[in-house]
Each structure stands twice: as C-alpha cells, then as structure tokens.
Amino acid sequence: MMNPPLSHYLLLSALLFSIGFAGAVARRGAILVLIGIELMLNAANLNFIAFWRFGANPQALTGVMFVLFSIAIAAAEVAVGLALVIAIYRQRKTTRLDAMDSLKG
Amino acid sequence: MNALDQIFVSTLHRLAGFAPASARPLVSMLLIIAGLMALFGTCFALATILERKTLGRMQNRYGPNRVGPFGLFQPIADGVKMLIKEDIVPFSADQALHFLAPLVLTVPVWLAFAVLPFGRNMSAIELDSGILFFFAIGSASELAVFMAGWSSQNKYSLLGAMRAIAQMISYEVPLVLASVPALIAAGSLSLPAIVQAQSGFALGWVPRWNVFTPWGLAGFALFLIAATAESNRCPFDLPEGESELIAGYLTEYSGFKYALFFLGEYLGLFAVTGLAVTLFLGGWQAPAPWLQWLPTWGWFALKFSALIFLFIWARATLPRLRLDQLLHFAWKFLVPLALINLVVAVAWCKSGLWQFPAALEIRWLLGAGVLAASYVGLGRSWKGGYPERRQYNYAQ
Amino acid sequence: MPHLILFLWLVPSLPLLAAGWGALLKRQRRRLAAGLAIGAMALSWLLSCAAFFSTLRVRILRQSCNFTWFDLAHTTVQLGWMLDPLTAIMLMMVTFLALVIFIYSLGYMARDQNFTRFFCFMSLFGAGMLGLVIANSLLLLFICWELVGLSSYLLIGFWYEKPAAAAAAKKAFITTRIGDIALLLGMLWLYSRSGTLLFYNHGQGCLEQASLDRLVAGATMGGMALSTAISLLIFAGAVGKSGQVPLHVWLPDAMEGPTPVSALIHAATMVAAGVFLVARMYPLISAGPHPAALQVVTWVGAVTAVFAAAIAMAQNDIKRIIAYSTISQLGYMMMGLGVGGVAVGMFHLITHAFFKSLLFLGAGSVIHGCHGEQDIRKMGGLKQLMPWTFATYAAGMMALCGVPLFFSGFWSKDAILGAARDWPFSSAPFYLGVAGAFLTAFYMTRQVCWVFFGKPAEAQGAQAPAHESPAVMTIPLAILAVFAVLAGFLGTPAWPWFDSYLNGANARFTFAALFARPQLLLLLLSTLVVGIAFALGWRVYSRVAWQSPREADPLEKSLPPLFWLLQNKFFIDELYAATVIRLNTAFSLCADWLDRVVWAGAVRAVSGLTRALAQINRALDESGINAGFDLGCQGLRDTGSILSWMQNGRIQRYLRVLGLAICLGLLALIWGSA
Amino acid sequence: MLNEISFYLLAALTVACAVAAMALRRLVHCALCAAAAFAGLALIYLQLDAEFVGFAQLLVYVGAIAILIVFAVLLTRGEEAAPGGRQSSPSWISGVGIAVLLLAGLLLPILASPSLQHGAPPAPVPSVKRIGEELMTRYVLPLEMVGVLLTAALLGAVVIALREPSDGNLPGNSPAQQRAKTGEAMNL
C-alpha cells in the first residue's frame, strides 16, 4: 500500500494554511477570522503528523505528542477567543473587526 | 460449542472466499456492514413495538395489537406510513442544512457499531483505541442536533436544540469518566481486551465482571444514567418534551426525515447499551462456568436485551427532569461521583497485591464504604443533586 | 598690697561700664546717669588712692601685668597695664579732677535736656584717659588715645544743633587725627624695629635698655638715629593732641563745648595726654648721646608758649583767652620736659591741671551767672555780684601767673625756668620762658579787670542781674582753689618731694636749698617780672573798666596793626584754609571727577556691552535654537502621524503585513540559499 | 493504491470544505464547513496511521470546537440581520493576494527540495500504550501544564462571556430588542 509522497502532504498543509490565512485576512467577521486561524493551526498539525509518519524515527512520537498538546491548547484558545468575541459583541453590538479599532495609534 | 460460537465468523470467511483475493478485505468489510445494518435495523423495528407494548403493559393497557399477531407488524406499518407521508420543509428553513441534519445524525451512529465486540473475535474492526473512536463518533451527534434545530428557523426548535446540546455535552463528561475505570482495570483502550480482562471466575463461581467490584457497580450505575441522558430518553427527554416544545428540534421534520431521526436515536441507544455490556457486564463472557456452553454472542444478546428492557422500564416510570435540575445533577453530582469512583478503582487495582487472607473482603468493604459515603455526602449536604425549590410567581 | 596691680584694670573699666550703661538709658533717667558716672569715678578714685599709697610704701619702682590680646600664627599681640609713680600721680590727678568736675556739671548742666548723654560721654572720656594712663603697651595707649579723641569730638560737638559747635568738633577731630597718623607711623616703625610694643616686659619691653640700644644704633636714611626719628613721629602725635604750634588751631574753637568739658578735657587731662605721652616715652626720646628729639621738643614748647601768650592778649571771649593760656602753659610743660626731664614737666602739668580747671570752672560760673554771655567787654563789676567766684577765680589767676610763695604756679614755672637756664644748648628758651611769664601775667590782669572790676556793664541790665552760682558749683571751685595753692608745696626746692617720688628716692627737707644762690636769683627775677606785668596791666585796663560805655581796647588804640594781627590769631586758620584745605578739596574734586567720568564711564561701557551681547544671544536663541527645535518637533510629529496611519487598529492589516513579511523572508531564504 | 486514492479524495474534500468555510456568506454554513474540514483532516490523520491523534482531533475539533463556534455564531446573530453588511473587508483582494504569495512562498521549497519526495516507510505499530507511557514519563510536566491551562481557559472564558449584571438586566436586552438595537447601532 503505497502512501503518497511526503511533499503531497506538505502541499496540502500549505494550501490549507494559505486558505486559512486568506480567510483570516479577508473576511470581516471576527468569528470567521477565528475559524481561519483554527484552519492554519490544523495545517501546522498536519505537517507535524506528516513529518512524524515520514520521519526517520516514528518510535519517538514527538510529532504526535506535539499535535496532541497543540490540539488541547487550540481548544483553550478557541474557547477564550469566542468568549472575547461574545463579550465585545454584547458591549459594541457588532463583531465586525473594522469597528474594533480603538487600539489604533 | 465452538462451532456455534464462531458460526458468524465462519460464514463470513466462507462468503468472502468467493471474492478475488485482492478484494477480499473489501468484500468481507461490506458483508459485515450489511450484516450489522440488517441486524440493528430489525432491532430498531422490534424495539419500537416492544417499547410501546411494555409501556402499555406497565400502564395497565395493551400496546398496539391490531397490525399482525400481538401488533408485531406495527413497525412495518409505521415505516410505510413514514415513507408515504409528505415531506414538508418550512419556507424559511435552511434547505441544505434541513436536509443534511438527519444524515449527519445517523451515519456516525452506524459507525459506532464497528467497534463493539458482539462475540468472541466478532468485532468488525479491532481498533487499538476502540473506545476513543466510539466517543469521538458519539460527539458528532450534537452537531447534527444543532443543524436540525437551526435549519428549521423556528424558535421552539432552536430552543429544543439548545437544550438537547447542553444536555448531551453535560452528560458526555460523566459518561467518559464512568467508562475510564473499566479501561484502567483492563489496561487497554481496545474493547476485546477489556472483555478479555473480565474473563474467569473469582472464588469458583463469581464471574470477574467489572460490575461485581464496588467501583464497577457505581460506574455501571453512572454509565446507565449518563447513557439515558446521552440518548435523550425518558427521564431526560426534555428536548422533545411533547408537553412544552412539541417535538423540540424535530418539530419541522416530517416523513422519512422524522423516521431517520428516530432511527438515529434508537441506534444511539443500542450503541451505548452495547458499550455498557462490554465494559461492565463482561461483554460476551458467560455468567457461570457451567453456563459456558451457550454461544458468546448469545450472552451478549441476552445482556443487551436486558438493558434495553431496563431503559424502557425507566421510561415508563420516571417523571421528566427540569433542565436546570438536569444540568445541576450532571455537573454537581455525577461528575464528582465519577471522579471519586475513578480514585476508588485505581486504589482497587493497586491493592490487588494484598496477600493476607480476607484481602478481597476488606478491599470490598473499603471501596463500598467510600463510595456510599460520598454518594450520601454529595446527595444530601452540598446542595448537589437537589436544587432549591424555585418560586414561580405567575401573576407577574 | 603687691597684688593690687591685678585689680588696676578696674580703674578704667568702671567708668567704661558706666558709659556703656548710661548710653542705654532713656533721656529722662537723669539721676541714674549722673549717679552711675559719679559712682564709677568715685570708685576709680578710691582704687587710685589705694594704688598711690601702695607705691608710696612699697619701694618696687614698677609693677606690670601683661596679657595676650590675640595671637597670629607666629607672633602674639600683647597688651598690659602697669603701676609706677608717674602712673599713680596721673591716676590721682585725673580721677580727682573728673570727680570734682562731674559734681560741678550736675549744677551747670541741670537745665540741659541731654543730661544723660553728657554724663555718658564724660565717663567714656574718663575711661579712655585712665586707660591711657595705666597702659603698659603703646598699642593700648594708642587705643585709649583714639577713645579720648573720640570723646573730645563728641563732647565738643555736644550741642550739635549749633553749626559752630559741629564745625569745631570736626576741626578738633581732624587736626588731632593728623597728629595721630604720625603717632601711628611711629608706633608701627617702633614695633617693626623693636619687635614688641610693651613698654616694660621683664627686660624685653621696647623702652628697656636692650631695645633702646638697638634703636639708637639703628640709622635712617636722613642719617638721623632711629630712636630720634621714631620719637619725633611720636612727639608729632603729642603736638597734635596737646595743641602745640602747628596743630593748635582746634583748641580755641573747642570752647564751643560746655564749660565742664573744656575744664576737664581741654585744660587738665586730654591736652595733658600729649605731655604724658612724651613723659612716658622719655627714655626713648632722650636715648642716645645727644638726643636731637629732646631739643626739638624744647624749641617747639618755647615757641608755642610765647606765641599763644601773645594771641591771648587780643582775645575778647573769656573762654578763648583761657584756652590760649592753656596752649602757652602746655608749651611751658614741653619745654620743661625738654630741658628739665620728666619730674619738672610733670610737676607743672599737675599744678596747671588744678588752677586751669579752676579758671575754666570759674569762667563757667561767670557765664552761668551772666546767662550765657561770654564776651568780656560786656561784663564788668562782677566782684560785688559774684564774690565767691571772684575769690576762687583770683586765686586761680595768681597761681597761673606765678605769684610767689603761696601759689603753685610760681614753684612749677620757677623749676622750668631754672632748668631752662641750665640748658646747655642755648639760653633762648630761658628768655622766651621769661617773656611768656610776663605776657601771661599781663593778659590775665586784663581779663580780671574787664570781668570783675568796673561798673556792671549794661548787658547785665538787660536781663536779670548776674547772680552767684549755686553751692554745687561754688564748692568745687573752693576745693580746686585750695589745691591750686597747696599743690605748689610738693615740689619746692626746699622739699623736692615730687622729683624724688618720681625717681623713687626719699625726699629730704632742706630749707637752706631755698636760699642757694642760683635759686634765689631766679625767684627774685620771676617775682619782679610778675610785679611789673601786674602794674602795667592795672594801669592800662583799670581805667577802661570803670567807664561806661567802655570804648575800644586801649591796646587796640595804641598798636592797632599788632592788635589786629593778634586778634586774628596770626591768620593761621586762614593760612591752613588756603593751603591744606584747598589741596584737600582739589584732591577730592579730582577723585570725584575720576569716579564720575572714568569709572562710571567704564561701568556704563561694560553694561552696554553685556546688554548688546544679551541681545545677540536672545536673537540667536530665538531664531536659531527655538525655531530649529520647533522645526524638528514638527518633523517628528509629521513622521509620527505617517507611522500612526500604519497602526490603524485593524487586526487584519497587521496579519497581512505579517504574512507579507513571512513570504519575503521565505523567498529571501530560498533565493539566498539556492 | 487505496491509500493514495483515499488521500487525494480526502485532500480534495478538506480543501473544498476549507474554501467553503472561508468563502460562504452565511456564518453558520461557514462554521459547519469548517467542522467538515476538521473531520476531513482527522481522516487524513487516520490515513497516516496516527490513530489516536485522529480520534482526538475528531473528538476535540468536531465534538467541542465546532459546537463552540456555532454557539458563538448564535449568540452574535445580530450581525446577520444587519442589512447590506458586506462580509469581506473592502480590501479583501489584497488579503487574498498576500495569501497566494504566501502559498507560493511555501510551495517553492516543498517542490524544489528533493529530500521530501521519498515514499512512506513501513507503518509504525500503533499503540496507545506507547503514547500513554510517553505522556506519563517524558511529557508529564507539559501534561500538567495543559491541564492547568485548560482550567484557566475554562474559567476565563466563563468570566468573560458571563452576562455582566450591568447590561444583564437592562430592559432592552431580550433578543428581539437586541436585534432592533443593533439596527440602530449600525446606522449611527
């Protein structure tokens, strides 16, 4: 059972990363930006697993460990991010990022 | 004995033999899928009718007995009714989601059966982390419920969906925590290994099932309660509480989609009972040495139907819980108790090395004592479980 | 009581304390001020008597007590006080006279508002004089010398509302200052050469043999001996203070002050300070084989005696006549010191002090009686109106003129003439002395005739008739009159007690000495001179006294140019005005010009320069730095705003930039490595 | 062969869902597409024989995070009703441009470097026991830290999102009025 070469996985992750980045950058909704960031995170995880699988020493499990912790932390991050978005929405009645520029220089 | 026990496995291999070598794994996989779907489809049908009949019996009335002998063909009638009923989709509904919701609900549940060991080496896929797969698949159902609730663009359905999701998330935690002690005892995540760990008999006639250990008993009880809540059944069937929310997230569904939802629900129930059986009732293990002549899948089926009857029985007797009581019960009673149970289980496994006589009894007493104390303590002192009475002032 | 010396410093300190306390008193506290002054002087007098008797009994010639005033790094300045017969005699004379005059001035100054201030200054003067007398160091002597000068200035200018009094005080102060400068120079020169200013310091003092030899040996550029030069300078100080010829102009004008002041200061004590100084410094002045300084002293004394006596004949103010007589008598004392030594000079000083203060007080009571009238031509016939004053005044006049046997003036003047006759250098002083005696007798008879004899002039008629002074004034006159008579017997040739006392020997009474040939001849000569002068004077002036209204002075009628010359005091004041004062004003004008034009100009130039600099600085700062700085800030603010445009708060903008940066980084990395 | 086919299929599916998640107009659809993309990724992990990670991904992302996102969407539904709000920021073209540039930047090294072309080594023996041991020995500290982090995040999220008393009991806070208010807020 032939696995596709490593480069294909990397291509996929790069593609996913750039899609996530485009969404994060282009879309105006705060929640959508969060989703975009999640995608970028997943792309990175894919990279780790790919390198773990195609790596020289699969027994080391470092890639897997890294992804496990990354997933846990991503969950925490999304929870807090969305809480913030909700809090901002309740106070400013909008989730458009353009409206949240009070920290400007 | 062994032949009867392995009858299904042998027929599978024989049938798969017809296929070319290269496609054999695929064909065998397809055959297993077909077999499972057929088995549990009929179970679904039987369950609906059995449930209605037993409910009737319990409420001192007959159940449906018009269609076929003792009403046995009632499910076929229901099925046909569902098929020919007009499938109404609300105008403002979100067409795509409305259509997808039942699908997303039932497909993952079917997948759950792939992991359950129905008999000796009779599990579809022997996954190393089988139980993790099971819970992963289980968690997809919330999304489906949300899709259903949201897509029908209806206040009641959305509220129902919210309640259902809240309930399912709240009870997923105690479900997982209750199952962890069994894993610890077995030392592995794969279900056949767990069943294997429960083989053998202590003191000659007591089977080593998890349920005959203090933490096992408590775990089994917790698991059952969480399971009923997980599958939105009777005491916890608030989401589609007929009296308030009509059918909760199912209001806007009719026809075959409605049937699919029911199928998903019942399959969820079957999957969870299967898991309960494997984890706590020793899976396909015989209760006594001299009873081992019965095939392993037979034992599994017996235990399985006993639990199903238990659920139906619960539905007939227990009143519906209010939502905040429900959540209160989960977070402030079940979860702490599960954690304590986990501690007791670990202590139990560690204390397995005691050699002095009556070690078993002492460990039993200790375990049971701790659990009983914590049950009473949590139940009574700290207002876990009994939320204070709410004042309703209607005149406002 | 050998340890009395330790308490000798109290003698000047008590009057000084009284002066200090008096100065703080309010004008109304008249009784306390007077009491303080008199009490302090009385205590000092008692201490002086104790000291005098101790010197009589204890045969130690000299006791001194020195202390360190302050010490510089390598030298210490020492002061000290001493007790020897000369000091004892002077202490007795000064304290007794001051006491009597204080009592007299109680009456004289009774109606004056500044009564307390008067007594404060008088006790200040007493302190200064007593300090000067007991000083064992030229420096302490100089300090007291200045204190005395100050108090004389204050007392002459006591009625400072009168411009004449103020001018007289200033004149007195400045002329004595000139003398003091010379004294200061001499002192400094002495200090630099002899190393110490203490007179007697167990052999180290400047008047002791060791330093005297050094001084005599030393020579100055003029070929003069060092001791002669220093003593001349010191004598110049004495000339200033005692009113000898060149610097005598201030004394007649000093009569502007109240009469007790004139009596105490300008008759008895202060003017005598010059003579005392010469007496104190006598060892220095007479040091060396043929002391030139001593001859100078003698000549100056002789010339002053005749000069002042001549002027006195043409004066009309009662006090001015006595003032000129004081100058001539001081000349006599200087001559006595010059020819006869310390004893002769000092004896005439003591006797003169008594009868001259008597004359002054007498004049004071006459003025007091005539309600402030001082011109003798307006007085007359006071013999009947003021009998006590006339009697005491007559005694004083006879003592002054040297009426033989009973009056002190005769014996002291006789001693001087005797010494003058034996003076080896020249006999001119003797003849001048005799002429002086004749003139003195003449102008005193003139004065007495004008004042006391003849009909009471119309001046008295104008106001209330002259009345006798109260007891508080006449009693001191009587006391002084007694002393004027008795003082003479101390130094008669028969019993030369004074001379022996000063030299520490024991006086023996030898009646025969009186009749020794030279002495007898001299006595007869002087009585003859006095007699002729009385007769001439009576003849000339008695006639005038009885006329009313009195015409001009007979002398004026007979020798108008001489009289005019004498009356105007040989135009010395005018001479000084023409020369010294003119020079002084010229100098001050020049200084003023220098100050106003040169220095002010320089200052103005500098201030202008700095103002110009400040202007340039401001301009530079204003345009250069401020403007530049503002420009810089503005530029900063602009760039800041540009940058802030970048930071517009939109998160996605940042993400884009980040992404871009990563790409560029990657591309650079790839191309860089490939 | 099965692996390759399944990989390409899954890759295509995931990319499609990702693009849909980013491009769709309605937020709920985006959220669900994102969940689908995450599920696709989980399957790719399984295809890469990383069983435990796949199921963990499925459990966490599809089970928890998708629900979270969806709930967030529900709680901020005022946005939807806003008339005429354009979904993407005005300068979205430049954003996408940069993304493409980024993609190019990433692709170049991947394609260029030869070392990445090699095939897959034999499948490692998957075992949860190994992962358990690894977690409990070498990574025990990170495990504890993640535990602490998760609790902190949990509490933080609750505190932040909790309805403050100040705006809680304002009369105008029921959902209907809220939507009306956002209407006014929009055109302020």
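The chains carry the letters A, B, C and D, assigned in the order they are written, with residues numbered from 1 in each.
By definition in this document, contacts are C-beta pairs under 8 Å (C-beta built on N, C-alpha and C of every residue); 3 or more make two chains touch, one makes a residue touch a chain.
Everything quoted here is computed from the prediction, not taken from an experiment.
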Point to revise | Partner chains shared by subunit A and subunit B (touch criterion as defined above) | key: D
Exercise for review: Report which of A-C and A-D is connected by more C-beta pairs in contact.
Suggested key: A-D
Check your understanding: Hey, how far is the Cα centre of subunit B from the one of subunit C, in Å?
Key -> 138
**Study point:** Chain centre separation in whole Å, for subunit C relative to subunit A (CA means)
**Key:** 115
Point to revise | subunit A and subunit D: spacing of chain centres that average the CA atoms, whole Å | key: 6
**Study point:** Whole-Å separation of chain centres (CA-atom averages), subunit C against subunit D
**Key:** 119
Study note, to complete from the structure: The positions of subunit B in contact with two or more other chains are none
**Study point:** Shared interface positions of subunit D, touching two or more other chains
**Key:** 52, 56, 64, 89, 95, 98-99, 102, 106
Exercise for review: Spell out, as numbers or ranges, the residues of subunit C touching 2 or more other chains.
Suggested key: 650, 652, 656, 659
**Study point:** Which chain pairs touch, all of them
**Key:** A-C, A-D, B-D, C-D
Revision key, fill the gap. Listed in rising order, the residues of subunit A that touch subunit C in the complex are 21, 24-26, 33, 97-98, 100-105
Exercise for review: Could you please specify the touching residues of subunit D with respect to subunit A in the complex?
Suggested key: 1-4, 7-8, 11, 14-15, 18-19, 21-23, 27, 30-31, 34, 37-38, 41, 44-45, 48-50, 52-53, 56-57, 60-61, 64-65, 68-69, 71-73, 75-76, 78-79, 82, 85-89, 92, 95-96, 98-100, 102-103, 106-107, 110-111, 116-121, 124, 130-131, 134-135, 138-139, 142, 146, 149-150, 152-154, 156-158, 160-161, 163-164, 167, 178, 181-182, 185-186
**Study point:** subunit B-facing residues of subunit D, complex
**Key:** 28-29, 32, 35, 39, 42, 51-52, 55-56, 58-59, 62-64, 66-67, 70, 74, 126-129
Study note, to complete from the structure: As the complex stands, subunit B meets subunit D at residues 94, 96-97, 127-129, 132-133, 135-137, 139-140, 142-143, 146-147, 150, 158, 162, 165, 169, 172, 188-189
Check your understanding: For subunit A, which residues count as touching subunit D in their complex?
Key -> 1-12, 14-23, 25-29, 31-32, 34-36, 38-39, 42, 45-46, 49-50, 52-54, 58-59, 61, 64-65, 67-69, 71-80, 82-87, 89-98
